[in-house]
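Shared between the two complexes below is subunit A, which pairs with subunit B and subunit C, respectively.
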Partner chain A sequence: MEKIKVKICQGTTCFVMGGEVIKSIHDTLVEKYADKIEIVPVRCLEVCHDADSFSQAPYVYVNDEVVSAATVDKVISVIESKLKNE
Partner chain B sequence: MNNTPELETRRLKREVLVRIIKAFMSDNYAENVRLIPYDMRPKGSEVPFRCCVYKERAVLRSRTIAGLGFAMEDDDERTLLSDFAQQALTRQVPEPEPLTVLQNACKGCPSAQVFVTELCQNCVAKPCMKACNFGAISNNGKRSIIDQDKCKKCGMCMNACPYHAIVKTIVPCEEACPVGAIAKGEDGLAHIDKDKCISCGKCVSACPFGAPHAKSQVIDVLSKIKQGKEVIAMFAPALVGHLPCTPEQFIDAFKKIGFSDVYEVAQGADTTIQVEAHDLQERLEQGAPFMTTSCCAAYNELVKKHIPEIKPYVSDAHTPLYYTAEIVKKEHPNAETVFISPCFAKRKEALDNPNVNNVLNFEELGAIFIAYGIEVDTCEEKEYAFKSSKEARDFPLSGGVARSVQAAWKGNPEDLKPTIINGLTKATVRDLKVYAKTGKCQLGNLIEVMCCEGGCIAGNAGLNTVKMALKKVTDYSSKSYSLKEDK
Partner chain C sequence: MFIDVDCSQIKKFGQNAFGDYFVSKRSDKQERLIAVLSDGLGSGIKANILSCMTSTMLLRFIEEDIPIQKAAQTIMDSLPVCQIRKISYATFSAIDCRSDGNVWVVEEGNPTFLLIRNGEEIALEAKEYTSPKFPDRHLQLYQFKAEVGDRIIFCSDGVTQAGIGTKEYPLGLKREGFLQCVKKCVRDNPEISSTELSTQVIQKALSAEPLEHAGDDISCAVLYFRKPRKALIFTGPPYNKMKDREYCLSFECFAGKKAICGGTTANLVSRELRREIVNLSAVTSGNLPPVAAMEGVDLVTEGILTLTRAAEYLEKEELSHQDAAGQLVDFMLSSDIIEFMVGAMLNQAHYDPSLPIEIEVRRTIIKKIKKLLENKYFKQVVIHYM
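Up next is the complex of A and B:
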């Protein structure tokens, strides 16, 4: 089974809009899905650059699906649905 | 900052700030500011928080007014946001009080109450009635009831109930305030008494509705830069923990905004440390029982407004910001200085110091980076002209100031007994009053006082978690020389 790739944005916009949650998303995922996912810290994913899209930061990619205004719960539910569909 | 149940309200504040700055950068500043509430809640949009879209916009309008740097008391509710935007451009000095309460955002939370829930088992023993010293509890045959007129909210009944059936509700802002400065007025809404407020910002963090709000100086600072003035940033050492890049990248990042130079306030901390160590040694030799530190702006306000009797015990050392600003103004006599702050209280300190012209907090700085599209982690790394010590860079940590005095201590090491007050609360304020009144402190002779639990890295305008910020600050400081080796 291929690991799910979770890209957590470390860019400036995501950090300013939700630096407090980025860390807890990271920590929770490591604990919960250790062997099932691969977490990749990435630089600005450039989803934040269009007109108002900064307001929906922080962004996290789960494979190709983008999670906006990311929270621990939102990211988990996307991962869960991907795990189920495998 | 510390577990933020109110991340939603912080995001709203940050979004409004970014939009104000974007409007400022545009060709149509005033009109674009006027549109902020409509852009954020356009026709037919969802209503995420309040009763209707009109209320949402009204609150966003208030947030915009505060973001432009005005007090809600100045709002007659009919002035257009575009007019406020224009007025912000011509403001010469920042508003005297750092905080304002957005009246239309305040929920007017139910007053603090102790009451018996339906979990009451109507037990035979009725320990709650016995526990109450004020005869406030009676029983209606089905459960105990509290007479709110007699209740003193002491909580004795709560502790007595074996079922935990009695609860105490609180008003979050009132509960958080260490000095009783915020309270609900006749109108049922929260108001800050400026004669009592120490600008600690605890109410800002505590309110789940985001009603207490900082008055921002972003427009003041950005206007100065736009006018081509020489504007210099002096950043608090806590900033190292609150941006996703290295401190060496700050210089380039600030210059991209238009600042002409950047100073670490750790530079001034190195002076504070020496003065403070010397001050304490002198005092102890003259038989003083203890001395408190003097670097926390909220603590200094506390001393002024609530515990003047402790003033003789407060170190005469000036704050790191004070010394840094003095150096900057000497080296650049025509420059405008901006302090980059983790908290709101420093605005108050800046108002009393002609060498500090403006204050931006970390959230506001972050909003500028977003609006300007500056990716801090791609900025160039540059060296600071002045190398601060490890201890100076550790100043924003709880315990950091006490450790720095220890490192610089020239007397007998056994004579120095540091103790720390890690966070001002109603309880620690009481302790301080006792030390002042009795002239005694059993815990030590150097009392480090920091208003925020964890130190300045836990300031109310922080962007990162305290834990992560701590790591980044210590990683950075560990690369510096230590004052201990220096001796």
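Up next is the complex of A and C:
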């Protein structure tokens, strides 16, 4: 099974809106799903440039799905629902 | 030719103000550098005021294109005489350098400066002028052409007289000790910066003093003529997307160190030059997004927050931080000429009123950094808006 890729935006807007805090899901999830997910902080996902179509920073990609106004809980629930469906 | 200039000083022991004063100024187009070192009579506040007035006035005269000899003579003839010591209130050395290498130096009362070329002292002939008003005041005027690699070193008598009366240096370090110290530093480190060389000279002088208590104000100013070290910082996407490739190619071709400040900018360069952004560390420090790496680029950071913090560090002279902004400060300070490629494209998301902090406009922060680098760190800064 391919790992679920979680990209956490560390661009300016996402960073000040809490993107830094979301990185803590690494500590929460890595033990539980070490072989199933890969968490990578990235320079900028450039989602905020298109603010009309997405609600708000911070943004996280879980595979191809954009999680907007992301929080640790929100991201974890998206990851877990994806794991369930697989 | 670029002139790396710096001055290091130590106050006379027990004093709370420097009695020596150093000023330097580069012209806007960088084709000229003027510097003056003055030693005020006595020490403390009185000496500080005298040397400050002398050096700033002389700098201003030379800057206004009054011939250096005439400017210096005017100061020499008008400096008052101390009622107690019966000598003039301040001594001075002034230098006027042009980018073509032409150099003029005037000295009155300070130890004779050193010209070091290929590790050896070059002896220079001086024209001497005596003040018509005060026959004990003599001015030496030197004119020569500096070459790449030359160093010109000035000091106050606090260096040459350091350790006077001690067993090791009964007559002080003297000019010979000053020269040997400079030659050793240059021999040990042929690329030594002006900051480092001037610091080592004053440390040597201080170590000659009994109990390392400076018996006088100690100053050393160094001018180092060298090929400029260049750096380029690419920040912000260009206004016209059609030009992304063109700008990325000119970034690629730049001969010098390179940095990218900005997530979108990094993505843009990565896309156009087909280079991956790697090693974004999961660890952040100092509340800033972490640095990343890209082949052929020396530093990749986030944009506005990092630049804002770097400006703060430069302003407060906090130069030892290890976070992304600290690394950016190191990157800039290790170069002589810093060029910025500033993209004019704005990211509307930065101006969302719901952001918890105010995000500065890129142009404003770059202008602030330019001012700090030029005025506080004597760097040459060029901004290209795109």
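Rule of thumb we're sticking to: the second predicted complex is superposed on the first by the 76 of 86 C-alpha atoms of A that agree within 3 Å, B and C clash if a C-alpha of one lies under 4 Å from a C-alpha of the other, contacts with A are read in each partner's own complex, and residues count from 1 in each chain.
Criterion: a residue touches a chain if its C-beta (ideal position, glycine included) is under 8 Å from a C-beta of that chain, and two chains touch if they have at least 3 such contacts.
Because the structure is predicted, anything quoted here is derived from the model rather than measured.
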Answer with first, second, both or neither: which of subunit B and subunit C does A:Q10 touch in the superposed model? both
Quick one: is A:V42 in contact with subunit B, with subunit C, with both, or with neither? Answer first, second, both or neither. second
For A:E20, using the defined touch cut-off, is the partner it touches subunit B, subunit C, both, or neither? Pick first, second, both or neither. both
Indicate the residue numbers of subunit A shared between its subunit B interface and its subunit C interface, in ascending order. 10-13, 15-17, 20, 23, 43-44, 48-49
Which of the residues in subunit C come into contact with subunit A in the complex? 262-264, 266-267, 277, 280-282, 284, 287, 289-290, 292, 300, 302-305, 347-350, 352, 354-357, 359
Complex contact set, residues of subunit A against subunit B: 10-13, 15-21, 23-24, 43-44, 48-49, 52, 54-55, 69
Which residues of subunit B touch subunit A once you look at their complex with the stated criterion? 1, 4, 7, 11, 14-15, 18, 39-40, 242-245, 363, 366-367, 369-370, 373-378, 463-465, 467-468
For the subunit A and subunit C complex, residues of the former touching the latter: 9-13, 15-17, 20, 23, 26, 39-44, 46, 48-49, 51, 56-57
